[in-house]
Structure formats: structure tokens, C-alpha cells
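In what follows, a structure is listed as C-alpha cells, so that the remarks can point back to it.
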Amino acid sequence: MVDPIISARGVDIFYDTKQALFDVDLDILPNKVTALIGPSGCGKSTFLRAINRMNDLIPSCRVSGSLTIDGQDIYDPAVDVVALRAQVGMVFQKPNPFPKSIFENVAYGLKIHKLSPSKSELQDRVEWSLQNAGLWNEVSDRLDQPGNSLSGGQQQRLCIARAIAVQPKVILMDEPCSALDPIATAVVEDLIDSLRKEYTIVIVTHSMQQAARISQRTAFFHLGTLVEFGDTKTIFTTPKDERTQNYITGRIG
Amino acid sequence: MSIRLTTTAAVALLTVAAPALARDQINIVGSSTVFPFSTTVAERFGKSTNFKTPVVESTGSGGGLKLFCAGVGEKFPDITNASRRIKSSEVERCATNGVKDIVEVMIGFDGIAFANSTQAAQMSLSLRDIFLALAKNVPNGDGTTQPNPYSTWNQVNPELPEVKIEVLGPPPTSGTRDAFAELAMEGGCKSFDWIKALKKSDKPAYKSLCHTLREDGAYIEAGENDNLIVQKLQANSAAFGIFGYSFLEQNSDVVQGSTVNGVAPEFEEIAGGNYPIARSLYFYVKKAHIGMIPGIQEFLGEFTAEDTWGDEGYLADKGLIPLSTSERKVWADKIDALIPLDM
Amino acid sequence: MIDLTKKAGFGLDQRHRAEQRFQWAGKLAIATSLLFLLVMVGSIVTDASGVLRQTQIAVDLDLGPENVNPSNPQAASYGRIVKSSLRDMFPEVTRRKDKKRLYNLVSPEGSFEIAAMVTDNPALLGSVQTLWLTASDDLDLFLRGKVDISLPPKQRRISDAEITWIKILEDGGQLRRVANWGFLSSGDSREPEIAGILSALIGSAFSLAVCFALSFPIGIGAAIYLEEFAPANRISDLIEVNINNLAAVPSIVFGLLGLSVFLGVMGLPRSSPLVGGMVLALMTLPTIIIAARAALRSVPPSFKEAALALGASPVQAVFHHVFPVAMPGMLTGAIVGMAQALGETAPLLMIGMVAFIVDIPDSVLEPATALPVQIFLWADSPERAFTEKTAAAIIVLLIFLICMNLIAILLRRKLEQRF
Amino acid sequence: MENTHIVKKFDKNLDKLKARILEMGELVLHQVEDATAMLGAFDPVEVDRILQLDLTVNGLHKEVHDRAELLITRRQPLAVDLRQTLAPINIAGELERIGDHAKSTAKRGRILCRSSTEETVLEMIRQMSTKVQEMLFDVLIAYTNDDIELAAKVRMQDKEVDTLNKNLVKSVINILDSQASGNSESLIQLTLVSRNFERIGDHACNIARYVHQISTGEDLKASI
């Protein structure tokens, strides 16, 4: 049995007095795509953002329980959130390239973390990231163009390239394809599948089919609780919990 | 990048400012009436000597004296202009702030014109006419007063034309307004014997009766800008305006001064002391600053030169009504000797 | 069949009419405001046109050794030389009063002009020279037809005798009209014919430079902190309310503050553009802060989020991504504030910048006035010729404003990023 | 499922699919019954009707297939929905095979009529027919009601059919051994008919497995 890379034990998350997540226990295995599904407001995005502490941006948000990455509690006061986020990258729902050139977009993380001391190294690293994000062939001749001159799907892949440039252990994706057309979605999904070899990916999605297609493990959240978690195949063919069944088959439960 | 630049610039500016440079030009404040004369002298002084041109601020007589009396030192003005004499209360205040020796200079007269458009007939008024036309309350014949009932000039005095009373004048903040109230209004006011008697028995009541202008729209506050009043008179030939003699002189093609008590607001008449609505103009010098700020004494010399304030001097061209030759002599001697004010 | 040309039935007639009415109303509104603008600018330009040229008068001056000591030409009384020359030109003038009028044809500046010419070119000394001197404002106004000679002599500034002299001079080719560069290159004067705008222009420029240097970094800094870092609590709310209130405080109040703090406590020099700029900076700060915060708020939060998710610190996220995008908007706010500051006189009054200042300031510490103050002072001057100076000064102010806006637009262009 | 889909059309589509299966099942059931009747009293007109009926069954088979395909395209069913969509394809296949066996049985009736028939064997056949009809009926009910217990019962009954078939074969061998056979052809035909019914039982049993799978997701193919 492989050791989990991310491990949640009894995680409760509150916004002020309102509890958004109840006692979540969840183990995320390395080099797997884990999909978080569930109806809106079920807490899946809250949980995702708890993993790289993006919840810190919301002053009223409070996390209790233990959430560890590689055995370290990320809410330990000694943990530097900047170091954490360098290890846990994130890709957002809407492609959000910086209003800079394609090159600068990818190089940004490398620059702030001082990962590529020389210019040629930086260039190599940017190329490597774009290659791995499957974007190199499309943009290699226009790296100095603004990132937002790309199409939606390309932009999202640029964001993925930007995230992998700093070589994180984990990449969190918050509905990365919801703003993309099916072709772009397919390309990104393919990319996610290929990234699995190097990274651990946690993805929030509203598309059951997408979860079924790209993930190996699926967690179903409902009303702030983790209802069911297991192999994607099982969740989508023979879910154990009736709430899961009702949700994935589109029933009123 | 840009933010760094501007910050450096700001820091640089502030550090430069810290050791304030010694002031090397005369600083004059005070009356807006004296301002045109003071500035003319300042300019000539700056051009004809090696001293810097004095800086002249128009702050009004009261404001000027307040600044002037605030203390001794580079931070405080050297000279203040006044369209009235310094008050004893002001001298006291000066003294408490260490401003002890003040040299008084009377530079000439200013007439206040009561004028209308040249399109209309020239008026011949008495001070009593002016008072009755503009006072808030007027005597009703039996020793009491009533709110001003007059709406046309012929109601005030049957010899005057049947023209609506409409007078444009400066607001209460103006020295010209104070002088007008004191010279014209009060002059007309005390032509009533019982009111004159009131001055002795009840001075506040007397003052309030004589100095209060009506507020029913017959007197219109037209702002401090005398040019504006002149323009409005051109547009409305029925209206009268109250402003300084220099504006009348400069605009004699469009406005004419009414005769007051039979005397026209003309240079000679004001200089001769015949025109009733005329006041003296002064400036005051801080003796302690002489020697500290370069050029004050020389500036006084320029001001009291015959070429400047004499009958043919350039200030006369600017509308200043000069003192008489003998008075000039007296004042010039006092100034030469820097004899401090003694009240 | 569908009738696509059908007008009735959907209230189409009425709807089209309403639309037409609105469009016409809009066009009318624009036309009206344009008309007002045109009238305003037109009248100012017409008034100001007189400033473009000035009249000069040719005078034969005896600069011989008996009048001017060649070793010390500065000590000579050029005023007397001018007067005697004028007397020579019109020997029939004998009465004292008439002589004075005669002397009045030449600007009082004339004697200083001779002194300057002699210093520049000592070769002029020793003989009789014909020099062009600035004519007086009255002469200038008369030549330009601004004096109504149909009025009785008592009611005009130019007497019949003067008109005769002017005609003689004109016929003798002794009058000319030249471009009036002096208006742009000299300081204020009590003589309208030589009064210039430069000291006020430089004063304004200095003040605004100080104002910008102080208010922009401080305002932007405050805005960034308040918008991006300040915790949302009662103190922040209080500060926000106060900033909004400050923006509405009458500007004179800032003048009073400047008087008591900058002049009183800090002892900075009175009438100086430094203090003026500082006071204007106080006045402009709220505007800049409010505009800058609005600009920051309009930046999509996704940029900041993306940067944070990459491991940028909050300060890095703000300064690398939010700030550059908000910069053009901040600049616009700053320019609006500066334009406001440019037009202010009230606060300057309290700190002594509403003053007659001839000398052109070399630094922010020397006394200076500002463009609106100059306009105010000239508008309040008795001499008729100052009317057109006032108009010209307004135009200079407008041009200054246009330049400022132009710079802002150029900066924006440069900084603006598409996203 | 008492929980209905948010998309009501989805439920209707599934219901229609089910209805087609039941319709098909009913036809097949009649085919089996009628074909059994043909064994004792051959009627060429009736046989033709039975053969004709097979075409209708085939048509329904295709319809079920098409409907399921469309449902998958449109709704991308998951979990129980997916099984409810996929199972009818298989069930229809099984039913179609049952129809084929019925057809084959009816055809054999013609040969059996031409010679004397061993009544005891025929009786055994009738028993088998009754049994498989019962199974078929039950499994359709189980399918209709998602009744996995009834489906389990059907699976158990398959053994009875197998036993009957074995007994029949034994009987036929005995008859053939004991006497010089005059009607060996009819005996062999009967054996083949018996074989048909044994197959029908198997198909019914398969259907029962699908019924179980729909409800539980459990595939019983490997076990009973």
C-alpha cells in the first residue's frame, strides 16, 4: 500500500460561526488524480483551498483538525505559507494569466523563488514547462506576446505551465475546464492525465464524466461532509451511499 | 520604478527644505486698497536697486495687521498696509508678541466713488440721501426709526429722479465697505440732530443705526472685485456702484461718479479734502526688521520720494490721492528718523 | 406570413418616436454645452488676442557723456533722458499737466529697457540713438481701437492732445507693433504693458511638482495599504469615512492647516511653492487615495490569487500584479487631483502665495505665485489693459492643464496593459 | 427507485425501454406456449404465425438496442442508470434467443406429427415447457419490480429444468435400448426439443442474473 501524500484527519472548516466542512478524513495518494465532486456549496472547493491555505485570504475562515502533506501539518505555525504554496500549485476555474508576456507568465514563479539563477536556465525551464503543458509547439514562436492573446484552452494550459514551472509536489485544480470548450477540455484532460506521472493532482469538478474520465480516486462531498471516497470506477458504477447514487445519476434524493 | 523615483524626489525636496534659507526680500502684507500702490513701489524698487523685489500680499487691512503683529523674525512680515489707522487693540497685541517699535507711514488718500453708468444722468447726492437710501432703518420723523421704506431715489429726496434704488457694493469683509459705512453712512446719519445726540448717550445703538446697510435687496453685495462692479454698472444703467477712486479713474469712459454734498470725486477735490467720502491710507513698518531684512530703509526712501508719492509722482498715476506738500514733509521726516508710533 | 415591415401593433410607432426624441434631446444637450464652451473660450481668446502683440515707440535718446557716464552707465537717469527726448519731439508742450501726459506715452519700463540695452551693447553710448521702447498701456489700447474717441474727453483715458501726438508719431513711423514675447518671459508687473506670466507659471509648476512628489507616493501607498492589506475592522472603516469626508473639506481649511503647521511649526518660508505644494498635496491626497482605491478595486482579484497560489508573498502579489494594472487608473486620479490643485487659490491665500511677486523663482523655496492667483490679481487690478492679460493668463492656465492631461495620457498609454 | 430523476424525460425513457422488454417477453412467452402446443397437434397455419411472430420479436430487439444507444448518448447514464440502460440490450438478446428456440420447437412439431410419438417423453417435454414458461414469467415480473429474490428463485429453478432434460435423455436412451425402434427419429427430435427448452431455461436464468445486476451492480456470471 502506498503512503498517502496528503492526509486529512477530522478537518473542520468554519466561516465565522458557519461550519462549511465537518470532520473530513481523506487520504490522497501520490501520482493519482483525485476528483472532488459534489453539489455547489458542499465544501469541496473549501477543502481544496485548505490544502494550499488559500483560505487564509478569507479572514473569517478557520481550519481545525489535521491536514498534513508528507507528514507535516500545514497549519503548524512554523509552516511558511509561501513555501507551502511553492510545493502545492493551483490552477483556477477561469484561466487567469498575468497581463504579461507568455514567457513572463511561466517565469514568474521561478523568478520569485529564485529557482533559475541564470538566464539560459530560466529559458530552459520555461521551455520545459511549456513542453510539459503541451503548449510549446503552439507558442514557441511568440513567447513575448501577452498571455491573454491566447485562446481560452491555451491560457489554461499556460496557467498549468506556470504552476508546474516551480515543480510542485501537488497541483490543485479548481474546475479547470469549466470555461473551456470540449476540444480544449479534452486537451487539458489529456494533459492532466500525462501530468499524473510526475505530480499528484487534486481536481474539483462539476462534470461527473470528467471526474470519471480523468481521476483514479473520487471523493463525494455533500453538505460539508465527505460522503463517499474510493476508486473512481466504484463511485461511478456502484456507489455505496444513496446520496452519491442520487447525485451522480441526477436524481432528487 | 516610477514610485521609487517620486519618493526619492519627495525626500530630496524635504531635506532641502529643512535648513530654511534666510529671507532676503521684504515681505509686505495688508490692505487690498493699498495693494496697487504698494506693488507699484515694490516693482520700481526691485528694478531700480540691487535688492530683490519685495513680495506684496493682499490680505486685507485686518488680516495684514494680524500677521504683522504675530511676532518678530524672518517668518513674519516686515510691512503691513492698511486702509485705516492701526487700532490701539492691535498695537497692544503687537506688543504682547514682541513687536514693539512700529513706524507709521501715511501715504495718501483714497476716495470712495458712488458711481453709475455714463449712459444715465450724473447724480448729485448728499450724504443724507445716501444714508436714507441705504440704511436698514431710517428715522421716521418723530425721533424713532422705521425699516427703510424707500424704493426709488425721489422718495428719498424729491429732487432726485424716479429711479429704483439699486446699489452694488463690496461685502462686509472689505475695508472699502467699512470706510463707506463710516464716512458716507455715518456722515449722513449724524446730520439728524437726535441721532447725533444718540452718539453720546448710546454709542452701540448709534453705531448700529448708522452703519447697518439694508438687506432687502436694494444694496447688493457684488464681491470684492471692483472691476466686476464696473461691468455690472455698464450693463444696468439704473444701478449705482461703490468702489475705489482708482477704478473710477481707469473706467471714466463707462462710469461717472456722483457728486456728494456738491463735490465731484475728482483728484483735486479729494486731495484738497473736500470730497467727503475719502480716507487715509497707511503702512506700518516693523522697526526691529530694519537691518535684519535688507532694503527696508531703502524701500521707505523709494516710497517717500517725491517722484513716488508726490503730486506728480507715479502713484498719483495709479490713482493715489497724494498728501499735501506740507504733510508729506512731516511724514517724510518722521520716517527718516524712524520715529515709532506712539498712541 | 410574417410582415416584417409592419409598424403598428407592437407600439412600434410610439417606441421609435420616443427613441428619436431621446436622441434629439441628447444632441441638443451636447450642442448646448458645446455652444457654451465655444462662447466662453471664444470670448477669452478674443480678449486675450491683444496680448499677442505690443506697441513700441521709437525715441531719439541722447546717450552722450553729459547724460550717461560711460564708466558707470547704470547710474544714469534714463527716465530723465526719455522725458527730455519726448519734450524735444513735441516742443510745443509746455504746461506741466500736458507734459505729464506726454511722458505717459512711454511705459515707465522704458528707462529700464534702455539700461538693459546699454548694458548689452555699450557701443550705443556716446551719441544720439533711436531706440524702440515699450509704449504705455493707454497708447496701446488706443492704437488697437479700444478707446471710444466719440466720448467727451473727460470720460476717456486719452485726451485730444494725446491723440494728436499719437497721430504724429504714427505718421512719422515712430510706432510699431511687435510680438509680445515678454508676456511669456517676464514676471508680474503693475504696468500692464510689461506684465508677464512666467513667474506664476513657474510657481505653479514648482507647486505642482512638490504636490505630485508628495501626494502621489503617499496617496498610492495609503490606497494600497488600505485596499490590500489593512484588516477590515472599525478603525479601517473610520479611516475610510474620514478620507471621504476630507475630499469634501473646503480647500481653505487646508490653507489654514498649512499656515499653522508648515509655516508656524515647521517654519518653512512663506509664499514659497514648497509650502504651496505641500498644502495642495494635503488637499489632493483624498482625491488620489479614493481614485487609487477605485483603480485597485477594478483589478480582477484573479491576478492576485494566481500570484499567491504560485507562492508570491502578499506584497509581491500586489506590487507585481495588482499595482501595475491599477497604475493607469491611479494616474488618472492623480491628474484629476492635480488639475484641481492647479486651479486652487483659496489655500494659497493663507500661506501667502496670493501676492505680488515680480522675481521669477529659481527654487521651491523662493516666493512665487501661481497661475490662478495671477488671474485673480489681474482681474482685480484697476488698469483696463489687465483685462486682456487676465484672459491670456486663463489661456495659459488652460494650456498648462492640457499639457498635464497630455502627459497623463502618454503615461497611461505607456503603462496600460491589455488584459 | 422511488427517487426520480431531475430530468423527468430520463425516467420516461427508462420506463419505455423497460416496457419494450416486457412487450418482447410477453410475445416470447406466447411463442413458447404456442410452440409447445404444436408438438401434440400440428397446425401449419399456426406454425407460420409463430414463425411470423419471430420477426416482430427481432424488431423489438432492434428497437431496444436503438433506444438504449440513444439514452447513453443523451444522458450519459451512470451507476444504476447505466445498468438499467445496458441490461435491456442483453435481456433483449436473451429473449430473442428464446424466441429462436421456440421457433425451432415449432418447426420440429411438423416432423413429430408425421410419426407416432412416445407419449411419456412428450409429457416430460410439456412439463419442461411449463417450467420454463413459469421461469420466464417470473423473471419478467422480477425485472419489472427489480425483485432480486424472485430472480434468485428463477436461477434456482434452472436446475429443475436441467434435471428434467437429463431424465428425458435417459428415458429416450432406455427406449432406444429396449426395443427395436420404429420411431427413433421422433425420439431424437424430442431430445432436440428438450434441448431447446433446456436452453430457454438457461436464457431465463441469464435474464435473472441481469435483474440481479441492475439492482446490485453485482455480476453473477461467474457464479450461479
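By letter and in written order, the chains are A, B, C and D; residue numbering begins at 1 in each of them.
Throughout what follows, contacts are C-beta pairs under 8 Å (C-beta built on N, C-alpha and C of every residue); 3 or more make two chains touch, one makes a residue touch a chain.
Because the structure is predicted, anything quoted here is derived from the model rather than measured.
A.B. asks: Please give the groups of chains connected via touching, computed with chain C left out.
C.D. replies: A, D | B
A.B. asks: In how few steps can one go from chain B to chain D if every step must land on a touching chain?
C.D. replies: The distance in steps between these two chains is 3.
A.B. asks: Which one of the chains is closest to the middle, using the mean of its C-alpha atoms?
C.D. replies: C
A.B. asks: Could you tell me which pair, A-C or A-D, is linked by more C-beta pairs in contact?
C.D. replies: More contacting C-beta pairs are found at A-C.
A.B. asks: With centres defined as the mean C-alpha position, give me the chain C-chain D separation in Å.
C.D. replies: 103
A.B. asks: Take the average of all CA coordinates in chain A, do the same for chain D, and state the distance between these two points in whole angstrom.
C.D. replies: Those two chain centres are 52 Å apart.
A.B. asks: CA centre of chain A versus CA centre of chain C: separation in Å?
C.D. replies: Chain centroid spacing, chain A to chain C, equals 59 Å.
A.B. asks: Approximately how many whole Å separate the CA-defined centres of chain A and chain B?
C.D. replies: Each chain's C-alpha centroid was found; their separation is 80 Å.
A.B. asks: Send over the residues of chain A in touch with two or more other chains.
C.D. replies: none
A.B. asks: So how do the chains connect up here, line, ring, star, complete, or something else (other)?
C.D. replies: Basically the chains just string along in a line.
A.B. asks: Where do chains touch, given as pairs?
C.D. replies: Chains touch in the following pairs: A-C, A-D, B-C.
A.B. asks: Per the contact definition, I'd like the list of chain C residues that touch chain A in the complex.
C.D. replies: Residues 231-232, 300, 302-303, 305-313, 316, 320-321, 324-325, 417-419.
A.B. asks: Provide the residue numbers of chain C that touch chain B in the complex, in ascending order.
C.D. replies: Interface residues on chain C, with respect to chain B: 96, 100, 104, 108, 112, 147-148, 151, 154-157, 189-191, 209-210, 212-214, 216-217, 220, 263, 267-271, 274, 327, 349, 352, 354-359, 363-365, 367, 377, 379-384, 387.
A.B. asks: Could you please specify the touching residues of chain A with respect to chain C in the complex?
C.D. replies: It comes out as residues 52, 54, 57, 59, 82-86, 89-90, 92, 94, 96-100, 108-109, 112-113, 146, 148, 159, 162-163, 166.
A.B. asks: Show which residues of chain B lie in contact with chain C when the two form their complex.
C.D. replies: That would be residues 2-3, 6-7, 9-10, 13, 16-17, 20-21, 23, 25, 27, 29, 32, 35-36, 38-40, 42-44, 46-48, 52-53, 55-59, 75, 77, 118, 224-227, 244, 246-247, 249-254, 256, 312, 314, 317-319 of chain B.
A.B. asks: For chain D, which residues are in contact with chain A within the complex?
C.D. replies: 1, 3-7, 10, 76-82, 216-217
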